[in-house]
Amino acid sequence: MKYIDEYRDGRLAKDIARQIAALADPGRSYHFMEFCGGHTHAISRYGLEDLLPANVRMIHGPGCPVCVLPIGRIDAAIALAMRPEITLCTYGDLMRVPGSNGSSLLKAKAAGADIRMVYSTLDALRIAEAELEREVVFFAIGFETTTPPTALALKAAIAKGLGNFSIFCNHVLTPAAIQNILESPDVRKLGTIKIDGFVGPAHVSTVIGTEPYEFFAGEFQKPVVVAGFEPLDVIQAILMLVRQVNDGRHEVENQYIRAVTALGNEKAQAEVANFFELRESFEWRGLGEVPYGALRLRPQYVAYDAEKRFSMVTPAAKDNPACACGAILRGVRRPTDCKLFGTVCTPDTPMGSCMVSSEGACAAHWTYGRFRERARQVDVGRAVA
Amino acid sequence: MNMMIKAYRRKLDVANGRVDLSHGAGGRAMGQLIEGIFHKAFDNDWLRAGNDQSAFSVPGGRMVMTTDAYVVSPLFFPGGNIGTLAVHGTINDIAMAGAVPLYLSASFIIEEGFPFADLERIAQSMGAASREAGVPIITGDTKVVERCKADGVFISTAGVGMVPDGLDLRSDAARPGDAVIISGSIGDHGVAVMSKHENLEFDTDIASDSAALHGLVADMIAAGGAHIRLMRDPTRGGIAATLNEIASQSRVGFRIDEDKIPLKPEVAAACEFLGLDPLNVANEGKLVAVVAPEGANAVLATMRAHPLGSEAALVGHVVADDNCFVQMTTSFGGGRIVDWLSGEQLPRIC
Amino acid sequence: MCLAIPVQVKEVLPDHMAKVTLDGVSKIVSTALVDDVRPGDYLVLHVGYALAKIDPEEAERTLALIREAAAMGDAA
Amino acid sequence: MNMMIKAYRRKLDVANGRVDLSHGAGGRAMGQLIEGIFHKAFDNDWLRAGNDQSAFSVPGGRMVMTTDAYVVSPLFFPGGNIGTLAVHGTINDIAMAGAVPLYLSASFIIEEGFPFADLERIAQSMGAASREAGVPIITGDTKVVERCKADGVFISTAGVGMVPDGLDLRSDAARPGDAVIISGSIGDHGVAVMSKHENLEFDTDIASDSAALHGLVADMIAAGGAHIRLMRDPTRGGIAATLNEIASQSRVGFRIDEDKIPLKPEVAAACEFLGLDPLNVANEGKLVAVVAPEGANAVLATMRAHPLGSEAALVGHVVADDNCFVQMTTSFGGGRIVDWLSGEQLPRIC
Amino acid sequence: MKYIDEYRDGRLAKDIARQIAALADPGRSYHFMEFCGGHTHAISRYGLEDLLPANVRMIHGPGCPVCVLPIGRIDAAIALAMRPEITLCTYGDLMRVPGSNGSSLLKAKAAGADIRMVYSTLDALRIAEAELEREVVFFAIGFETTTPPTALALKAAIAKGLGNFSIFCNHVLTPAAIQNILESPDVRKLGTIKIDGFVGPAHVSTVIGTEPYEFFAGEFQKPVVVAGFEPLDVIQAILMLVRQVNDGRHEVENQYIRAVTALGNEKAQAEVANFFELRESFEWRGLGEVPYGALRLRPQYVAYDAEKRFSMVTPAAKDNPACACGAILRGVRRPTDCKLFGTVCTPDTPMGSCMVSSEGACAAHWTYGRFRERARQVDVGRAVA
Amino acid sequence: MCLAIPVQVKEVLPDHMAKVTLDGVSKIVSTALVDDVRPGDYLVLHVGYALAKIDPEEAERTLALIREAAAMGDAA
């Protein structure tokens, strides 16, 4: 597969890993956070951890839009979907995400709600056109990658005069989340946790470009390497980060030059800007309220905004207090530090955001990595004393 | 004058007709449907006898029985249809016990409005599949349910077969050191079906691998029967589910090697499109065999000599593991667990 | 997040659509977010929409850098 | 540390839960459903072995195999439910060959949203029915389909049994002069189900006659095996359909006597309400036996001594008839034909 | 079963039959037409023919509303039912009646039409109330018995303001049909066919009373005995007819006095008169156009008249020209005189109106009586020379 | 045509409805077409509506006539 297989060559990876080991200062440890679930998935799926030296450790960030969606938003979507006139269209990822009291869209569907999995906003539009007597709501979720397709669907619905199509908007913004993590007290407090650098988003960056990361690199003095989602991309980015740390640099570098530019996809940005505006604040599951961390429809499109159109309320819903996701998302703790991990909390019965999608830190570790527990008697990379 | 016989029966209009509720009501219309489509397609003496059950002679020994319901959607897909699956799938579950499949039963639940033409196409391919496999469909049943109370047609087949003397394959028989052999490329069936799925529709030449494996199995047993611990056909849930099932039933672990697992490039590409792991994707003409180390080479060679096993590969080994983990060395060189899929196999975006 | 794959344009279709392919598997997708799409181009495909073009030269440059790093590792 | 085993599995919330698509996807949820409901209800070593097929020893001889799909609506009705039917009906089709039923398979097609509580109730009654009959359900399958692509649950059972040496009942064996015996009152099942039908709802104490008849059959064979030509259970289409089937398969006619056919007053009354002829109404615990004249009395006496045959009656005889007519002397004294019902059994107004 | 079993006593029947045989003049034959399918059914179902002397013969009249419904009306109903917004409610009897080209409501249902069998107009109303977004049309059919329930449903729909309920009216009138038969040329023409008297309707008469038959008795000099539908009712009515014929009387007698009065059910008549009016002409299958032989909704209820509301057209559709139903319904021929009987035409594949319902002359003979063919070498009762 | 059966009123219900019975089988039907319905009455039931009452004396009179005719036949 062109532009895939080349970047999955394991022999090259082993060599690069050797180069990382050679460059990594044995007297210190390197903690890099990959913001994106896509990177988390690649790391776990390909067993990258096994290639890295013990003192280079990856911290799995909050970059999975499914994981960070608050329970209340799922509850609100379920309540909406249970209304007889509503057809809720959603990406398959959301079907199993648990709401309150063990509910989920999958169970709501079983209980009679008209919920359709779609592959694309194009499918949701098609449903709305074909079933004019239904109120078709698209459960929009995702980062800067997934927002432009939602914007185009809205644009098409307006152009076609589709009065039965609306959007339940849960689009969130990457830079705001990174800033939130860097500003969190435990990350800022010297000594408790150390993030030495970031692997920056791959596909989000195709849209927003590398420029938005310059601020963090400067303000927080952390190197950022934007990287593709293939395993060689990731390992090369780690090498680039190790080099920056060793050099004392904190620059934004672009490993994913084949698809990412400094300014990103300006056409996509413009489409998004036409239809969406910032929310002052939005809850990220695991992180809490993130200022300017999400989008909503502009007021002129209120008729297409399901929250307004159907007077949706987002009920308050708390995660299990024993769930350590918040700390995990900020790199302060690891999945196995959580008492619930692998017992009460598994991908079949997730208790917190990190277990919800296979890109969450806990789910990735459970699904791909838990065999390592036995081997790892002494946790050399443990950051919390 | 024989009025019963003379009475004209309008021919089933197979080209344009549809199943309606009268075809399930136990009257003449039902009889005509069964004869005109099923008996014609399956054609054998047992069905012609017209009993509510069929009789056959069996030698004494160990017999196996199995059943599966087939609800695949869409009903027709590259490489087969629900009918061929219903024949192959049940034959395979018999064959996985090392048994020689003998007879099948078939029960049809048909949605009102289902076109005769589609039903005949399905029945004809079932007949062909059963004749090719040498396993006749000797008894059956037909029910018709109202529109929107089924999805075209559902088929449940059951089958019986005889286990060769002395053979005893069991799900708890895997032992550390045993070899794990896969008979060919994985994921073909699931991808072929998904390629025709409403919202996913993509174009590909991938065909389902749907096939009856009892011939391959017979060769394997002849070559290394005493060494074969157990066999499974990795259908729903793919080889991930199959290996995990065996692991937990035998209280062992597996260590397999991603590089050795046969996978067609188109299947890999389709999985990329859909965000799926081919290890979780269904097969309908493949088997996983766990073989004692001393028999592995002989069994593998025999499999490769059979058309349905030409791409057979030894993909890993059984290991002692209280956790019953299925571990895989990735083609990238790292390690990972191969887990069951949680929940339904959904096309995912992330 | 954001599963996306590189696909090649086989055929440009009306209304900002295109038929794209990956190793013999093809699908019709939207190219409304990318300008100037031509047959043979490689695109990054996400939820049915192309998000970006892939620059073949930069792709090659990345591979060269990777190989270079690997060579250093191999030597290490 | 065994993480597979340690991993907490939330208990199936049988009281409030529902089947969703994940319960059919081949993952852990499916395993939990199957174990928590089906294995628990059917409880036996074969299922516990966890294979895709089950093995058992058979003596050499003549075996029979049969299958039926059960799609009854409503699922629960006075005297039984779809699960008891699925056990009794398939046992009966085996028993009608004079065979001793040995094992059953069960395949479930479940509609998304189906309550666990109902599924458990059905499974429990299947387990009870199978234990009472001494015929274990040794292998099965579970599929889940989307809402509105099934009707709650459909069950297909298959069964096998052994025919006693020397016995050969065949549908073409009826000979002029043979006696026709019915094991008890007709129409109970159909009326019990219809009484709960949405638009027809009427109040009655009539319960389905659903029962496994192999015990009765065993007694009959012991008493007059050599004289029994054939047996049929008059299910869909009622005894009218059964007698017509036998007539055309044996190329004979029947002459029966309406007055002799056991019929409960409530069933007769319900048929008046609905404009139905009880001869067309389904039974699920009755059999029709065609017996050589010299054995008729012995067989009848044996049947009457069995609880399921206490109302058995000799209702008529086989006659030579090229037209294969089933003729009946009405209780009024006239003659009529008893025909198959044309089309579906619809409540009629005229 | 009270008021049923008493009237099914076969021993009494045999004795009455003996009395009929004793009274019947061996020098002549007696032909009585039972107008009603209910009588036809009872005669066939209980094998009454076997009890009567050879010179007393029953002719099966057109009294089955299913049989006489023209193909075009079925076609129209199917076309209506195929419209996506329509739910067509119908008595089960109509489901299998063939329209043109082998169609039927049962097949239309299989092809996707929303057709529901109902037991009563009450069920159709319930459906309309429960599914306000559907256009619920009741396919109304039947004689004077079945019309009052339709009238009450219409009344209730109006009272409830149910705007989605309407009626496709096919109600027909008994007296008009009897008159049509008596006035048909072949019946009038002396010598070709002889009807010596009528067994009058049972349940129709509970509604219209016995009075409407006085006209026929007088005008056509034919005795009429209104009779119940139980077999003893029928045989007693035959005895009463034989007596009238022997006496040279042509009176209206009432055998069914337990339920029928001279004036009938005036309440039911009033309800019908409120909502329905006569059609100038209406096609009866087998009989052709019958003047004033059917009802339609009064103009003030046009909104509830499906024919108007949905601009229904009744396509012209012809029966198989070989079908002898018209002559059979007028008593001129018998089912077995038809070349199609029992070969091309059976209840599974009916070609004409008499085979459509089990109360039709051909269907009753096929379903219950065809074994008699062998015995009847010489047709003593045959009316046509 | 016009299948109708004699049923007995068990219970008079509001809105011109009644629970009627035939040999242990009961059903709720409309009595809107018949006046003055009381428990114990026999009605002629057709498509869910009572069309008429059955007059017990006339029913007995009919049976008497039938028996009388039968007796004559028996004697004949």
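Remarks
Lettered A, B, C, D, E and F in written order, each chain numbered from 1.
By definition in this document, a contact is a pair of C-beta atoms (placed from the backbone, for glycine too) under 8 Å apart; a residue touches a chain by one contact, two chains touch by 3 or more.
Everything numeric here is computed off the predicted structure, so don't read it as measured data.
With contact taken as defined at the outset, chain B and chain D are each touched by A, E. By the document's definition of touch, common neighbours of chain E and chain F comprise D.
More C-beta pairs touch across the B-D interface than across any other pair of chains. Averaged C-alpha coordinates give centres for chain A and chain D that are 55 Å from one another. Centre-to-centre separation of chain A and chain B, using mean CA positions: 38 Å.
Computed centre separation for the pair chain C/chain D is 60 angstrom, with centres defined by C-alpha atoms.
Chain E has its Cα centroid 73 Å from the Cα centroid of chain A. Residue positions of chain F with contacts to 2 or more other chains are 1-3, 5, 22-23, 46-47. In chain D, the residues that reach two or more other chains under the touch definition are 1, 3, 21-22, 27-29, 265, 268-269, 272, 323, 325, 342-344, 348-350.
Counting partners per residue, chain A has 1, 4, 11, 13-14, 37-38, 64-66, 91, 96, 106, 119, 123, 142, 146, 346, 348, 359, 370, 374 as the residues that reach two or more other chains. Working note: touching chain pairs come out as A-B, A-C, A-D, B-C, B-D, B-E, D-E, D-F, E-F. If you check the complex, the residues on chain B that touch chain D are 1-5, 21-22, 24-30, 49-71, 73, 93-94, 96-97, 99, 103, 105-109, 138-143, 145-146, 148-151, 154, 156, 158, 160, 163, 170-171, 232-233, 235-238, 241, 245, 248-249, 282, 322-325, 340-345.
Residues 199-200, 265, 268-269, 272, 323, 325, 327, 329-337, 339, 342-344, 346-350 of chain D are the ones touching chain E in the complex.
Those residues of chain B that touch chain E in the complex are listed here as 1, 3, 6-10, 13, 18-22, 27-29, 112-113, 147.
Looking at the complex, you find that chain E touches chain B at residues 96, 102, 106-107, 109-112, 342-344, 346, 348-349, 370, 373-374. Residues of chain C touching chain A in their complex: 1-6, 8, 22-23, 30, 32-35, 42, 44, 46-49, 51-56, 58-59, 61-63, 65-67, 69-74, 76.
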